[in-house]
Every structure is written in C-alpha cells, then in structure tokens.
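Read from first to last, the chains carry the letters A, B, C and D; within each, the first residue is number 1.
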Amino acid sequence: MGYAHPMDYQSLLEEIRQAVRADFGRGAVASYIPALARVPADKFGVCLLTVQGEEYRVGDAAEPFSIQSISKAFMLMLALRLGGDELWSRVGREPSGTPFNSLVQLEYEGGIPRNPFINAGALVTTDLVLSHLPDARKALRDYVRVLAQNFDIDFDRRVARSERRTADRNAALAWLLRSHGNLKAPVARVLDLYCHQCALAMSCVDLARAFLFLANRGMSPLLGEAIVTPAQNKRINALLLTCGMYDAVGNFAYRVGLPAKSGVGGGIVAVLPGRYCVAVWSPALDRSGNSLVGVSALQLLTQMTRHSMF
Amino acid sequence: MGYAHPMDYQSLLEEIRQAVRADFGRGAVASYIPALARVPADKFGVCLLTVQGEEYRVGDAAEPFSIQSISKAFMLMLALRLGGDELWSRVGREPSGTPFNSLVQLEYEGGIPRNPFINAGALVTTDLVLSHLPDARKALRDYVRVLAQNFDIDFDRRVARSERRTADRNAALAWLLRSHGNLKAPVARVLDLYCHQCALAMSCVDLARAFLFLANRGMSPLLGEAIVTPAQNKRINALLLTCGMYDAVGNFAYRVGLPAKSGVGGGIVAVLPGRYCVAVWSPALDRSGNSLVGVSALQLLTQMTRHSMF
Amino acid sequence: MGYAHPMDYQSLLEEIRQAVRADFGRGAVASYIPALARVPADKFGVCLLTVQGEEYRVGDAAEPFSIQSISKAFMLMLALRLGGDELWSRVGREPSGTPFNSLVQLEYEGGIPRNPFINAGALVTTDLVLSHLPDARKALRDYVRVLAQNFDIDFDRRVARSERRTADRNAALAWLLRSHGNLKAPVARVLDLYCHQCALAMSCVDLARAFLFLANRGMSPLLGEAIVTPAQNKRINALLLTCGMYDAVGNFAYRVGLPAKSGVGGGIVAVLPGRYCVAVWSPALDRSGNSLVGVSALQLLTQMTRHSMF
Amino acid sequence: MGYAHPMDYQSLLEEIRQAVRADFGRGAVASYIPALARVPADKFGVCLLTVQGEEYRVGDAAEPFSIQSISKAFMLMLALRLGGDELWSRVGREPSGTPFNSLVQLEYEGGIPRNPFINAGALVTTDLVLSHLPDARKALRDYVRVLAQNFDIDFDRRVARSERRTADRNAALAWLLRSHGNLKAPVARVLDLYCHQCALAMSCVDLARAFLFLANRGMSPLLGEAIVTPAQNKRINALLLTCGMYDAVGNFAYRVGLPAKSGVGGGIVAVLPGRYCVAVWSPALDRSGNSLVGVSALQLLTQMTRHSMF
C-alpha cells in the first residue's frame, strides 16, 4: 500500500484538530447523570500509539474522562481471561439490531444477549468476572492500571453513585437475565460492579496504551507480554467492528473502518491491526450515542492516511 | 329467557361434579414453587352464590387454596377505591395479546402495561395501593376478609416466601416500570406486597362471597353496601371478560361466556351479572395456565343453565 | 332486572340523537380512499330491532353506506357455514393486541392470524369461502340480501375499485399467509373478494336485520330459520366482544358492553342477546378507527336502558 | 506484516482442499427449490485472484452454480452506479439482527430495510435499478459479464422459474415496501428481476474476477477502470463485513475476518483489501445458510496466511 516512509502522525493529528473545530457545538453531551452533563462540550483530545511504540498526542489527551461503555471491552477481556470460552454459552457474538438497552431481544432469545457490548451482554461478562474473583472491583481497576501502565487510574465515585441511582433499566435487564438462569451473582453486586466499571476515569493516553495490544495480535508492546491469545484478539476485534459502536456499526465501518468501542462519556478507542491504537475524546454525542467529533476525527485519520480495514 | 322458576343449582353442581371426573388426570399442577406443586391434583370444589343470597356448594368448596392471580382483581378494586381514575393514566384497559409476564409490550409501549391483569399491570395497581396505605399488606387482608365475611383468611407465608424467591421476572418487570417512571414505591416493597397477595389462601366459598358484588352492580348483598360504583363495576366486568383469563380470553368467552379471573393455584371466579357469582377450584392447569377442570365445570354450568353473557 | 314493561326505544333513540349532536365535528372521516372521504361527516342514523320484531329508526337509518370491516362478520358466518370447524385450524380466536393490519404477529405465530376480525384473519375466511363457492362474490351478496331481506343491497363498485388500488398492505398479508400455506386461492382472487366485501353498501336497517339472529341464539326471527347453530352463535358473539372493535375492545366493553363489529365507514352493529340488534352510523372516526359518535350513541343506549352484558 | 516474499497460494489452496474433506457430508444443500436440491453436495471449488493479476484455482472452480444472494452485491453496485446516494434514503446500512426475510423489522421501521443484503433491501436496490434501465435484466447480465470478462454468463431459467414460484414471502416483503411507498415499479416486475438475479449461474473464477475491484479501491485490474468510487468501495466492503453473511456476520468476522457475501447456492466471495479476491463453492449449508465447507476453507486461508482484516 506504499507506506515505506514513516507516517507523520503528529502533523496529521494537528491537522485533524483544526478540521474538527467546525463540528464543535453540534451534538449533545450525555445528560442522564449530572456528573456527565457538567463536562465542557469543547474538550477534545487524541492519543495515537503505534505498535512500534511511538506516541502522538493533541489537545486534552492526558485528561481523564468517564470511559462508560468502553469498559465493556475490558470486562470482555477479563471474562475471556478468567473463563475462556465458557462465556460463549452465555452471550452471543452477533450484532443485535436493537437499542443497546433493549429487553425485547433478550426475551425473545431466551435470556442470551446478542453480544458482550450491549448492556445485557456486559452484565453477563460482569457476572462471570464476579464469579471468578473475590474482589472483582479492585481486580478490574488493577488490570486496567497495568494495561495502561498508569497506577493513578481509578473509579470516579461520584459518577459510580450517579450511575447506580439511574440503573433501573439495567436492573430490569439483570433480573430478566437472572430469571433465565444467566446471572449467578446477586443482582445488586453485579450492578454495583457494572456501575463502577462505567465510572472508570481514564485519559486518551491511558486508553491508547491499554488497548494497544489489540493492534498487535494480543501482545502488549508496553508490557512485552500477551494480554489475550491471537485467536481471542481476532475475536475481540471482530466483535468491535461488528458490535462496538451501538446501533451505528455499519455507518462507522464505512466512515472510519476500524474496530472500535465508544462510550457516552465521549471517548472512542480504535485500532488498525498491525499499525496503531488511537483514542479520541469529545463529549458531545450524535444520535447513536457516539462522540460526534470523535467519529469525524477518526474518519479524517483513516481518510488522510488512506488506510483503514477496507 | 324463561327463568321464572328458581334454578336447582345444587343438583346442577352435583351433576357437574360427576361429569368433570373424566378430566381428572389431565393438565398439570403449577410447579414453579414447591408449595403449589404439593397440592393434590384431584381436589375439586365449587361454590355458587346467587344475588338473592342462596349458597350452593360441592366438593372441597370450603378448603382454602392459593388464589394467585385472582388477587389481581382485589388489587384493581382497591386501586380504584383509593385512587379512582388516577389508575388509568398508568395502566391500559385492552387485551395484551402477549404472555402475562412479557416485557416486550411494556418496552414497546413506553412502560404502560396493557391491563391490570397481566403481571406488569398488577405491579402498578400494587404500587398505587402502597402509595395510599401505611400498612398495605394488612389493609389488603382486612379488605378481603370483610368482602368474604371470613376473618380467618390470611396469607400463606410459606407460599409468599417461595413466590419472593422466584420473582426474578417480576423484578425485571418492576424495574422496567420504574425506569419509565411508572412505579413509585421501592421495588422491594412492591414485590413483597405482590407476592403476599398471590399467597392469599381462600376457599371457593370465600371467593364467591368476596366477588358476589360484581354480579350485583357493585353492591354486596352480604354487606348491604356498595363496594365499587356501578360504573366501576361495569369496568371491572368488562376487563375480566376481555383480559381475565391469561391468553385464552377468547376461548373462555366462547366456552363459558362469563367475566372471570383465574389463578395458577387452580381457582377461577366468575360472575353472571344479575344472577350469581361462582368460584371453582381444581389445581391441574391447561396450557394457558387456567384450571383445566375448572373451565370445563364452568362451561357445563353455562351450557346446562342455557345462560351465559352471549 | 325489572324489564317487565316494554321499553320505549323510539323515544330513547330520539333522545340519543339529540344528545350526540354535541359530538359532531369531532373525529375524522376515513380518508384512505376518496370514495369514503367524500361522505358528509354529519350523517347519523340508528336502527334497533328487537327479537320480537319491533323496529325503531332515527335519522339516516335507511341510507346505505360502506360497511367495510363489518363485512368480516359476514365472511366469518359464511366460512363457518361452509367449512365448520375447519376454520379454527387456520385462524385463532383470541384478541391480537396489535393493530388490525400488523404483519408482526403473523410472522411470529407461523402464519396463523389471531382472530377472524383482523385483516389477516379475514383474508383467511375469505379464502375459505372462495374454496367452497364457484362464484363467491355473488354468493356473498345473495347471502347478505337474504339475511337483511333487501334485494337491492349491492357492492359499491367505485369503492371496491378504490380499495383494490390501496390494498398493498393487505397484499403483503395475503402473500405472507400464502408463504405459510394458509391461503389456498390465488392472492388476486382473495384480494378481489376481500375488497368487494368491504365495499358492500348497506343501511342501518339492513345491518340490524342481517345481524338480528345473533341476539336470538342463531335463529333469524325475520326468516324463521337458523343462520348458525347456537354454539356458533355463542362463538361469534364471544369473538365480537373480545375482538370486534379493533384495538379498543376493552374500552368498548366498558363503555357499551355489547358484542359489536365496527367498520371505518362509520358503521357499528351490536347485539344484546335475548333482546335486540342495533346498528348505528356516523362517519367520523376516533383514533381506534371506530365511529366516534356511534360509540357514544351505543354507550347512551346501554346507560339509559341500564342494560348491557355486564 | 512480513510478506516480502510472494505467497504460494496454489499450494495453500491444495492444502485447504485436502483439509476440508473432513467436513464433506455435514450441513445440508438448500432444498427450497428442486433445481438447487439436485446439486451434488461434494462439489468444491476455489478461485483466488490477487490484485496483481495472479490466478489460482482448485477443484470445481470453473463450474457455474447458482449465485443466489451473492447477486445482492451486484444489485447494490448497480444501484449505487445508477442512483448514487439516492439509495440511502430508502435503505439503511446497519446489521438487522433479524432473519434475512423477516417482515418485523420492516414494519417497525416504517418500510426502510436495514441494509441492502437482507431480502427487503435487495428488493429496493432491484426496484431502483429497474427505474433507471429500460431492460434491467439484460443490463444486469451484461454488467456481470463485463465485470467477470466472461460473455457466457447467463441466468439459469429453470432456477429463475422455480424461484418465482416460491417467492411468496418476498412478494409479502415487496407489497409491504410498496405500502410504505418504498417500491416504485410494479411488484411483479421487481420480483421477476429479483428471481433472475438470484438465478445467475457463475463459477468461482467468474466471481473472483467480478469482485476483484473490491480488493483494489474500486478499480478493476482486469478492466483497468473504476467500477465504483473509492468511497463507494469502502462502503460496500463495510456493508459486506457487517451485513454480508446473513445472521452470522459476527462469527464469520471472527473465523475468517474478510468482507464477504454468501448465497444459498453454496458460494461465498470474499476480499482482502490490497491483496486478493477469493471465491469458494460448496453446496452444503450450515444453519445460518452459509456454505459450511466454504466458511471452513476461508477460515483456513486466513489462518494459514496469518492475514485477515483483524
């Protein structure tokens, strides 16, 4: 594809930063909990890490934000690590075609969530992790700290408490899962861990570091060790591409064309296998719940580098 | 229709009792909680009360059993008494066309249950009653005791505890209602009262007495006072006919043709307005969850008297 | 119930006619085909026939209008007459809980419509009638003429043609039925007959006469012969009460409390078993597709006579 | 990724051919039309074309078979060529989460199919093509002939006729689309073209040639001209990856990890952008309707080359 010379990612990111300014003011910051609604809409950061270890940053790349649903990817990784393929008897691996918090699919399909990135599926991965670890909350935090090589990463307790107070619909999902025998731990414990993982505060730099292994066949260049097996890595990337962007995976695959996971905190983390991991943050969301400016920035990145999955 | 002469209901009930023996052994006793599964399948009782005050009994008419969903009618009556038409902004009055415990309809229709006799609707009437009464459980029991004129009526605590342990799906419904703002009291309190009302132990005699007013424009002949207004009475009977027999209202309307409410304990209570209230009990259920022998008995009753609603 | 003296129905109907004037101007005339949209919204007629043969009329009771879905009741009667219980292996007898023209229920339930009064169910009764009769269209017309004792009754060809041109969704239902093996005749023939039956032009007088037998255990007092068996009669009345008023059967059962069938032409026919058959016509519809003034008029009738099913 | 040396694809394909023999006998040949049911289950062919123009074949690579739903990709390409982005107001670009021929999603979402690869979506692309071309059937055939550089490619008339006779469900979809105003041409014409495109008979060699441009940013190396724009190319590949394998896209993305389209004739065509296009044929299908051996073969290909999208 003609990439003999090293890409000047820093100039690229600067250029993208200028270009997306036109989009500031569009979209809406998530407002279902006060802690999220207070985040300034004009925050913007990007961090790109190559598998060779080069790091590029622009804007608020080092400022922590609420990772929200991006945490579902961490829980999936942990669940695979702890339980292996046990997980796949309890969660599917296909796009859902329904909103992320829908109970309809779950009822029609006997309590098996379509994939680990809709809420019901993430409740199952959370439950599986809980069943393997005595102090799962701490274990998750430590796991993420090691992956990102940043031991200041922590839960935002205020966000976690807010999440817990507005978790009625997730409670409905959890009880429905339980009625189908697909939730083992007490619902309150599952919801507590679920709300905490959503409230993990991480920066673009943290995220890019933590997910870099996905661009490198499961091996973390930072840690020099395998985080998941190559097969698991392929599975996770395939799931990210087909299920990672709420109800807009098709559009994201076209516009950006990278496996990615988004959160309503405005973060998106994406990988180009063999090349890089990139994390972007901009709080205002489009109608699908993905960062509006974040998607534009990633689209520019793959357009300007002329390199995506497709 | 030529009913100048008094009906010999006692002979009729005896004849019915003989006739339905052929059906014993068909159907299956509810088994989702042990307390129900232990009830002998060959129990059979009927009590018929005319609006003139004549009482006829056969078989195990005086033996208490778990009234289960029949209690939803009591909660509806209480909710109407306490809150009046306030209820109808929170619950619909149409058949659901979906199973009694489905979450699908609730999700598609914004958290408004189709009617007060599906589980979701009964959770809302329960919630409404809770919001009006300091000790709703006791109030419900006393209300039923007065209606039936039997002060020994009580909750079967063992059944109530069992119900509570298997209420996962109802918990899902409750949390989904709550996420739509259609449940005010804490979910645990609603479920606790809900499980207790299902565990009310009453006999056919109790039920026939308690619901006799429905055959008499809302006025209880036993108490000599109005239980509901004539308009509310019509509403309740209309709801019973169109929504009272789970997913078999059309078939029941044809075979029996009376407003009725059934429970998975094997009880059915039905009224012929202007004439009588009848309660029947036989624990084995058909595939719709209605007492198999109970429906047959009521069908014989309306065939032999040549008098139903139609 | 104290109806020893004959009811002065004529005065009652006059009173109702005055009372419902307040409602003129509310609701909307069906506009999906031009022929219906042109009908003046202030038309109003009632005809009540007692089983003893007394006839009472007010307003435009003798003016023919498009009976639309009321024809589904005729097709059900014909299908039962021609095929007996054969029908019930192909159509259910329960309320649908979904809009009258929905494909969803049909897909989920393997091509068996919930009841004969939703469009899919009526397509099946139409198909069954077609399979028994060489010239079903003429046979239907003659059947209705005899029932109503009016040999001028005919199809409104203009309406039938309009119906045919807007029958896309019914074509979808028909093909879906066919894909499940639940439609035998060619789709075009079924749709042609279906559109013609909807275009039958009848007056309130015609309808009251044609359906009077439903108030008389299946025996037509006009013809002195049985139209359906007493069991079939009960079945039809039960279906009318639980499924006859689109998605408003619960509300209609409460407000009126009679087995009834409505059409978007603004007609409603209803029966009080043992007493009378009544037909009302007023073209403006409520949101459920039932005649707004028609429902009010029937509500007044059962309130003022203090006699409904409940 | 270390692919300095040219890949020995021929040996690879031979090896794969040996390996998949173990799977012969599993799965079931499509039987809904006799013409498909008669195809021997042990047929197996692969053709791989690199963007540099090297061609590799094993087995029955040159034998034509019924391409079935693979034709949906041709119609999408033609619809984009003829109507540009006009298409996207009539068809979505997201996975459906429901079976390929479901009417449910279509009804709930106002007649807009989720993507061009479910039947409803393909009916819309077919309709759009029809509206632009006087003789669309011939135009499609010629388009495919040119793309594949094989002027013997034709419709299998016997298959087309069989398709037409079993197209009831597609007729239902077409009429439902039409009732929503999302089908312009007469239903019969749309279905006729739809059934013909499914009946195109092509070999693996034909398919690999016809779709090679998808691996080359829209430019056909065979023709030396652009078939679609680079943006359209990305769109098509993104759609193939997220929607191209019926209800098994997630699993296929994991096992194989290439944009691909399958048909119930047992064919699958897939591309690795920048490298190759590969077509495989084996008639027995897995439960998702994809070629069982075909998927295994492609999985081996990406495993053995250690190169997929992920």
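Worth a mention:
Quick note on the criterion: contacts are C-beta pairs under 8 Å (C-beta built on N, C-alpha and C of every residue); 3 or more make two chains touch, one makes a residue touch a chain.
This one's a predicted model, so the numbers in the text were calculated from it and none came from an experiment.
At the far end from chain A, in terms of centres built from Cα atoms, lies C. Note: centroid distance chain B to chain D, computed from Cα atoms, is 56 Å. Once the centre of each chain is set as its mean CA position, chain B and chain C turn out to be 32 Å apart. Rounded to whole angstrom units, the spacing between the C-alpha centres of chain C and chain D is 49.
Residue positions of chain A with contacts to 2 or more other chains are absent. The set of touching chain pairs reads A-B, A-D, B-C, C-D, using the touch definition from the header. Residue ranges on chain B touching chain C, taken from their complex, read 1, 92-98, 105, 114-115, 233-235, 237-239, 241-243, 247-251, 253-254, 257, 259, 273-274, 308-310. Residues 102-104, 107-108, 168-169, 171-176, 178-179, 187 of chain B are the ones that touch chain A when the two sit in their complex.
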